[in-house]
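These are the structures, in structure tokens.
What follows is chain A paired twice: with chain B in the first complex and chain C in the second.
Right, the complex of A and B next:
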């Protein structure tokens, strides 16, 4: 029995390649601004965007050789922190098929993998839906 | 009448799609809708004078032009170099607009 989708004010969709443009930066900025206003937000990722929360990314980016003493958070950690900072207000859903197809089946525990077949339920649970990038 | 928030990320240098998208904004404004065109990422270049005839038409027809402060700063575009009618905004204002029930939004 699939779990019901919590109602949210906005559903943001990331369907594009994550690092080709400023798409991820914009999505995280917009999500943060919405959360700061008290909104409930869900983010659904398909395609290569499913790699953003792959467990293999770890907590930090590879070491910067020009500044080896400094650590930078991985995008997975940034997203994980955003989710844990907003319990019951931010939900991050990963398309199971897209993640499996890209060898990114192992995801950080804070996100939820869902079948594309339940995507319509997510649209129905959202006040508004915004598609932010398509491959 | 419905309010519209149209978000352009590519700008004129990505080809005719930007001009066509802004053309949609012009048509909506012409039909009497309130239209906000928000330029973000490389889309901010459409706010340079002469870069997009459709943007200047939109402003003449009563549309609003919002430019993302962060994206413009990343591209070394000070407000003084952009169309005088544009308004520099933070993402917070975009979030507020998106959360208005009467507003429909499209990301391009």
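Right, the complex of A and C next:
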């Protein structure tokens, strides 16, 4: 029996690919602004954006060879901390099909993989739905 | 333009992510390519012309409770590329699109070249790469 989708104020659909534009940054900034205002937020990612929370990214970026003593959190770590800092207010859903297709099936445990067949439940559970980018 | 440059590197697609890209922007690899190739020239054109300008922008951003202070910093990247000995050029067309004062805000050491004339320089190089 699939778990019901917790109601949220906003559903952000992040479909644009990372490393192409500042879309991912805009999505994370928007999520931060919404959470700062007390909103409940769910983020559904499709396409290459599913790689953002791939377990293979680890906790840190590759070492910066021009500044090797400095450590940088990976984008997966940034998202993980954003989720854990907002229990019951931020949910990050990864399209199972897109993740599997891109070899990113192994995800950090803080996100939930979902089938596209239940996508409409997420839309119904949100007060507003916003699309950001295309796959 | 340095006579010994063998590879011409061209960047025209700019601002390719921040939180996921961090310090490793499109110019990150240029000093190393310069070292390995025997010499590179770099041309910034189109939206990437903005990389060649000084700015007061601080590349810092808060995501949730974390402040990221290692976002792409194009001006710092260009400065690092110049310090490595790479000749950096910017196309006039791209510069003009950034406003009348853009030329006054160029980073020291960046040269302006005529827009549309870039292809005529290609035969002088062993390789031409769009990064």
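Criterion: the second predicted complex is superposed on the first by the 135 of 135 C-alpha atoms of A that agree within 3 Å, B and C clash if a C-alpha of one lies under 4 Å from a C-alpha of the other, contacts with A are read in each partner's own complex, and residues count from 1 in each chain.
Assume a residue touches a chain if its C-beta (ideal position, glycine included) is under 8 Å from a C-beta of that chain, and two chains touch if they have at least 3 such contacts.
As the structure is a computational prediction, the values presented were derived from the model and not from experiment.
Trainee: After lining up the shared chain so the two structures overlap, which partner does A:132 touch, if you call chain B first and chain C second: first, second, both or neither?
Mentor: first
Trainee: Check the residue A:78 against both partner chains and state whether it touches chain B (first), chain C (second), both, or neither.
Mentor: It touches chain C, and chain B stays clear.
Trainee: Please work out whether A:21 is in contact with chain B alone, chain C alone, both, or neither, and reply first, second, both or neither.
Mentor: In the superposition, A:21 contacts both chain B and chain C.
Trainee: I want to verify the contact counts: of chain B and chain C, which reaches more residues of chain A?
Mentor: Larger number of chain A residues touched: C.
Trainee: Regarding the shared-chain residue A:3, is it in contact with chain B (first), chain C (second), both, or neither?
Mentor: neither
Trainee: Could you list which residues of chain A make contact with chain B in one structure and with chain C in the other?
Mentor: After superposing on chain A, chain A residues 21-22, 29, 32 contact both chain B and chain C.
Trainee: Could you list, by residue number, the parts of chain A that touch chain B in their complex?
Mentor: 9-10, 21-23, 26, 29-30, 32-34, 36-37, 39, 127-128, 130-133
Trainee: In their complex, what parts of chain B are in touch with chain A?
Mentor: Residues 9, 40-42, 70-71, 90-92, 94-96, 98-99, 101, 104-107 of chain B touch chain A in their complex.
Trainee: Give the list of chain C residues in touch with chain A in this complex.
Mentor: Per the stated touch rule, the residues are 15-24, 61-66, 68, 70, 80.
Trainee: Within the complex, which stretch of chain A touches chain C?
Mentor: Chain A residues touching chain C: 18-22, 24-25, 28-29, 32, 35, 52, 61-62, 64, 66-67, 70, 72-73, 75, 78, 81-82, 85-86.
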